[in-house]
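In what comes next, chain A is part of two complexes: it sits with chain B in the first one and with chain C in the second one.
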Partner chain A sequence: MTAGSSTGARHASPVRRARKIAPWVYFLIAVAAVLVLSAVRVLAGATDLTSSGTVQAALTAAVPLAMAALAGMWAERGGVVNIGLEGMMVLGTFGAGYAGYQWGPWAAVAFGLLLGVVGGLLHAVATVSFGVDHIISGVAINLLAPGAALFLSKLYFADAPGGGQKQSPRIADAPKVTVPGLSDVLGTVEGKHWFFVSDVAGVLRGLVTEVSLLTVLAALLIVWSGWVLWRTPFGLRLRSCGEAPTAAESLGVNVYRYKYLAVIASGGFAGLGGAFLAVSSGQFRDGQTGGRGFIGLAAMIFGNWRPGGLATGATLFGYTDALALRGSAAVHALLLLLGIALVVVAVVQYRSGHHVLSAVAAALGVLFGYWYFASDEVPAELVGAAPYVVTLLVLGLASQRLRPPRMAGEPYRKGQGK
Partner chain B sequence: MPTEPAAGGEPAPAVELSGITKRFPGVTANSDVNITVRAGTVHALVGENGAGKSTLMKILYGMQQPDEGQIRIGGVPTAFGSPADAIKAGIGMVHQHFMLADNLTVLENVVLGSEPRAGVRLDFRAARERIREISAAYSLNVDPDRVVDDLGVGERQRVEILKVLYRGARTLILDEPTAVLVPQEVDELFGNLRELKAEGLTIVFISHKLDEVLSVADDITVMRRGTTVASVSPREVTSRQLAELMVGSALPVPELRDSTVTDRPVLTVTGLTVTGADGRTVLDGLSFTIHAGEVLGIAGVEGNGQAELVEALMGIRTPTAGTVRLGGENITRASTRHRREAGIGYVPEDRHRQGVLLEATLWENRVLGHQTRRPSSRGALLDLKGAKADTERIVRDYDVRTPGIGVHASALSGGNQQKLIVGREMSADPVLLIASHPTRGVDVGAQAAIWEHIRRARAEHLAVLLISADLDELIGMSDTLAVILRGRLVADYDPSTVTPEQLGSAMTGAGRED
Partner chain C sequence: MRRMRGLRLAAGALALGLGLTACGGSDSGTGSGGSTQASTPASELKIGLAYDIGGRGDQSFNDSAARGLDKAKSEFGVDIKELEAAAGETDAQKEDRLRQLAEGGYTTVIAVGYAYATALAKVAPDYAEVKFALIDSTDAKGANIENLVFAEQEGSFLVGVAAALKSTTGKLGFVGGVNTPLIQKFEVGFTAGAKAAKPDATVEVKYLTQPPDFTGFNDPAKGETAANGMFDAGVDVVYAAAGGSGNGVFKAAKAKGKLGIGVDSDQYNLPALAEVKDVIMTSMIKKVDTAVYDFIVSVKDGKFTAGEKVYDLKAGGVDYSTSGGKVDDIKAQIDDYKAKISSGEIKVSSTK
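Entry: the complex of A and B
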């Protein structure tokens, strides 16, 4: 057990490591995914599956999730688990509501960010300076923030024109951009309902039409975060605090400082996520975040604590969210889609030797397929739950070789390394 | 025997510590320590655990400040306020427990904290070139782009050395560098050290493995009870003399006086076969018998099936074939707890992994493995009073040096933890003791005590399976000796006639006589 298994694991790990995947493989996967989507669309007659409207809605829904996931990544890369994302997002939504109706969407974004930073700072003080357990501090923030937001909302919005006890007055939407010409051409093609071609056109059109500048900003922030964390000395030092803080300390890195910066950045991104949510839905409302902070965490884990991965995860959740909004026909088609996806997962897991997981995925896949063919629609009560069901299944069954930051969530005290 | 290195005409010593004294509340860790490390040599610092080596090196590396005394680097008096100062002065430390981030690449680990920059960006290309350069210059053979998690222990150590060299160190402190290495890796490390020396670097090498010290060091300084007691040249001392300098008295010798072997078999193993997780046969048809009052020693290079044998005997691993009988009872499929209750005591090879819970008190550790038996429990409940009283007894009888039985096991030195384990395993009057490396990493005093306890129990008809890498211990403590090679028992020896050389060649398969 002792010597045998440890050396065994050491020798086995290089073989099991995820290999670098070439860009063309991603491209092929994307093409295959659209092919499956269009097949399901034709079969189920659910045009919403690949319509530009769905893609737009998916993007809008994905942005706050992606920001939450990004926030989680920043904190955990710095070694602090931030389960208080939800609360920080709530602060962000309130900040956006407060500034937004008075001074417009960009002020909303700035205030949301600011309040998120306040939340992050609180978490940093608790976890880094006082060594409070990360989960406890996070839960405390999650309890504190909605209460504070509701209190402030009663204070500031109840008498504001168009506001109420639990909601802010309207916020003007952020400017939207459309690629001129291209959007129209794609629109024409999409309207033809050709197999595959129209689907591609629909997806692309969704990506170039009426895109909020906030979405563009979010995309830039994801890329920027990846660059900062993986390409700069600052990022290396920050990540080293999540991987091996004592080693970092022995090399002269001020671990406390980087942890503070990581958690504050995390709060800022979560606040931004909340602000984007409030601006895109036109106002602050009590309970608006609806667990998005947690789904963001799930997207982060799905994305293996990396920007590209978490963006994929957020898009996935955003897409199911959008379908749920489109109504029960789309969710019904989603059953078939999920069935197919689970069978694919089953095959992949089988080939990597996880037979039990594979069997579970296959069984669930068949079950969803059966459900699809045996019914005409999904009960309305379940439609709204679709994103969460997908979250669960994806997280449970797609278990890849995850590489979380080694010391995330571990207490760290300066000078205790040996 | 103590010699003074010839000073005339040579460059100033790389490091000179004179009159260093360091006191902590209640203890003096170092008192009047004097060491002169010549430039371009490997200087070994040897001493028992607790002799003050680590404190001294922390002082030299700036992690602690001396109360008295002077540090001279290259002849210039210096004072270090922090490791950063020491690094600036060209001193680097390779810690015993690696300071590496497993999920980061070698490059990231090496440059962390002093990254080459291109604007705000980390200049990966420059870093990679510099690492390749250093790696080639000292034959470290380190690939900057691999993830540390994928590297073996030896490679990780080379990364640590590279990290220090990258920061421009001219004097390297290696704290017990061989503790974690297998023999081939030790040879490689020594090759690297010679390379570094040839390039004019100075190495301070802390160890208590005397054979290694003798083979690699140019000068040796011996520490005992916080002070330097001798400076010797490896050409003039034997490892035995060195050990006596470390201990300050004659060494204990592992030996059994008269035979106590009876003809009553206690453990009978027939055709024991174990298959590993990857389908390889790790134990292949082992058969042996241990009688009451007999010590069976198993010699072998580590990784030849010893760990699996012990685990199969303890019920941690299920054998694919063969039987294990304890006394008259077939225990091949019995649970570990049943085996322990039937009278098997077990001293595991890795005490931190299997022997003790570091974050539990001594008396709680005493209960573990004996939780179903008196005096630790009565019926379904633990008998705290009984357990504590018996822990007091173990602490007394086995000379476990501890402030009390309520402290965590982590507060004890390795030797004292081991004495506690031996005491615990002996406490339930076992009929069979499985002892894996019982004196590994234990200082000489504790070693003698553990041997004495095994001897005494053997006289009372205890059967012992002794697995050890220390050939002197095996030869001295065994009634019968067997050699294990690739999962088979390949040779039997009479410990009264065999030499360590014969055993060594049988262990590597060079001198197969069957």
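Entry: the complex of A and C
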């Protein structure tokens, strides 16, 4: 308890309070962002920056990341660090492969969720009941899950028609929806390449054309998680277990039960992320997740352990990833965009008194701007690194505003508050 | 006390995890080898084969090697042992795999893929009586190593010709799995072929990952995104030299009504790609199966020769496929180039 109260005192000291930001400010920021994007597109001639195809690709890439980030948020809000997300995603991809080729995409999603829950349960038993260090348990799951998935895939897929020892047969894709009429109108406007108008049309068209129902489901789950955790008594109790479990216990909350629920939900969401990945790829493949669980964790931190933030983080990562894969001209334009963004960050930081940070951001911004104008393209070897560089920069510059759940990762034993 | 128990459990879980990973990574050791050895005549060939990442069932490169092995097995009834590689493994793990085969009495060992070069260079000198084949690389040489290499640029040249002739926009795409010298041979040949058939054709090139990240051969989602980007930019034929990621390229082509070109195997006829096969206009076939089979036959007949053996277009090591009938109308033109390359009239460079 002493540890808890001392950290509490530190945080209670008169630090700047974050101002409450009104919804219309977010809207203005979004408009400004599209304006800048549009200007860069015209200047660099990189139409792909705001094309509907890029937005579609970004959404598809962002969904598994957002699910992993959501999974991390559920666990950490309940006070358990879940570094085993990657492993749970792998379990999800296998579950999706197993059920998907036999009974279709929705069965794939259900089985992915189920196997993710199994992974979550394992983590919950280890960390909550037995008090194992959260990191150790998570790493163990990351080692265990790919081995288990490979073992099972050899067992079930090796002799299936169209399958192999390391891949499942084909999974049918989930249905995709297009808003009729609107998509075509926006397509026409997008094709004109007008400043700002076409960019907005391109982004909107990407959001209403050929959208997988899985993407819609993922968006609903993010909203639902926000509602459950921040608008219901259940959510308040769950979050109290991550902030001050001993205090929660003294008020009659069954902390173990809530931690179990949080970690199991976490496993379920990670499994869903894996399932979405497998279904949208059309099959399970060994090693398919490729570190997406860890990137999801970064998206969660970027999003300040909140649903809106982590969705933004996942989208940002999906967007840079889509650009990097679709064409190197757009990545070159990204340099300029990054330079502008960094200068904006520098101004904001300067105004709020962080002079050192502001100077670093400004210097980096100028550097990126110079790089853009001094070169014609980004070397292919660096294009693939673009998403990581962007994430790293954003994380580095935004970290002083972040506040993790206070007791996430700390051991908690029943009755320790007495 | 509680803390201690927790730690012990964690250690247990970790050990279990490592154990299972190890099981998954390779088929269980030489346990079964002992019993078969006793029941087969001593003159019988024992063949070990170490796969590259993806392994049997990758619908591509490794499957081709597996077909050669299966053919040899069904014809001569040889005793075989197959071991699989895992993504992101080290040279030491590859070395262990080759040693495991050599120690297990497998006197003929085939290492599938250039990734084995470093490991084989270390292992081969220790087993002078074992005959090794290394596919796709000449980086490991020795008195008991035969290097089986292919002229991928020549086969890619032919599908480049086909792509340029079939394209209506004159814009072609190349999706490479990982940016390695080997995959660059495919790109160079493809571009050369396209330009030969249509001098104003352009080729958009995208490698999914950069080494040492080899996930680009195994990520259909990335293949799909890259191909979609090309199709949106006006490309109408994409050559997928990306192993398992090629599935994503064909999926994108199918959704957008464009064409794709397969690699290594005749991908039109692969069961796993049955649903997208109508967009696969042709495939650059690399006859790893022939090379593997020939190698086994040469060892069986006592005609093993160390050193480089090139499977080029002339030797029938690479070719293009006609399954599906999508290139029937331009077959004469492609075969014309084929004859010119075979006769040496056209030389296809393997580097940029």
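Simple rule for what comes next: the second predicted complex is superposed on the first by the 401 of 418 C-alpha atoms of A that agree within 3 Å, B and C clash if a C-alpha of one lies under 4 Å from a C-alpha of the other, contacts with A are read in each partner's own complex, and residues count from 1 in each chain.
Quick note on the criterion: a residue touches a chain if its C-beta (ideal position, glycine included) is under 8 Å from a C-beta of that chain, and two chains touch if they have at least 3 such contacts.
Since the model is a prediction, treat every value here as computed from it, not as a measurement.
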Larger contact residue set on chain A - chain B or chain C: C
Going by the contact rule set out at the top, does A:Pro387 touch chain B (first), chain C (second), both, or neither? neither
Which of chain B and chain C A:Gly267 touches, first, second, both or neither: neither
Examine A:Arg406 and indicate which partner it touches, taking first as chain B and second as chain C; both and neither are also allowed. first
Quick check on the superposed pair: does A:Gly226 touch chain B, chain C, both, or neither? Answer first, second, both or neither. neither
Is A:Arg239 touching the first partner chain B, the second partner chain C, both, or neither of them? first
Residue overlap on chain A between the chain B contact set and the chain C contact set? none
Partner chain C, residues of chain A touching it in the complex: 48, 51, 53-54, 56-57, 60-61, 126, 130-133, 136-137, 139-144, 146-151, 154, 157-158, 161-167, 169-170, 277, 280-283, 285-288, 290, 321-322, 325-328, 380-381, 384, 413
Where on chain C does chain A make contact in their complex? 2-3, 5-7, 9-10, 13-14, 16-25, 54-59, 63, 84, 86-88, 179, 204, 206-210, 213, 215, 218-222, 224-226, 228-230, 232-233, 244, 247-248, 251, 271-272, 274-275
Any idea which chain A residues touch chain B in the complex? 1-5, 7-8, 10, 13-14, 17, 231-237, 239-240, 243-244, 246-248, 250-253, 403, 405-406, 417-418
Residue positions on chain B within touch of chain A in the complex are 83-84, 87, 95, 97, 99-104, 108-109, 111-115, 117, 120-122, 147, 149-150, 152, 163, 276-278, 282, 302-303, 307-308, 311, 316-317, 348-350, 353-354
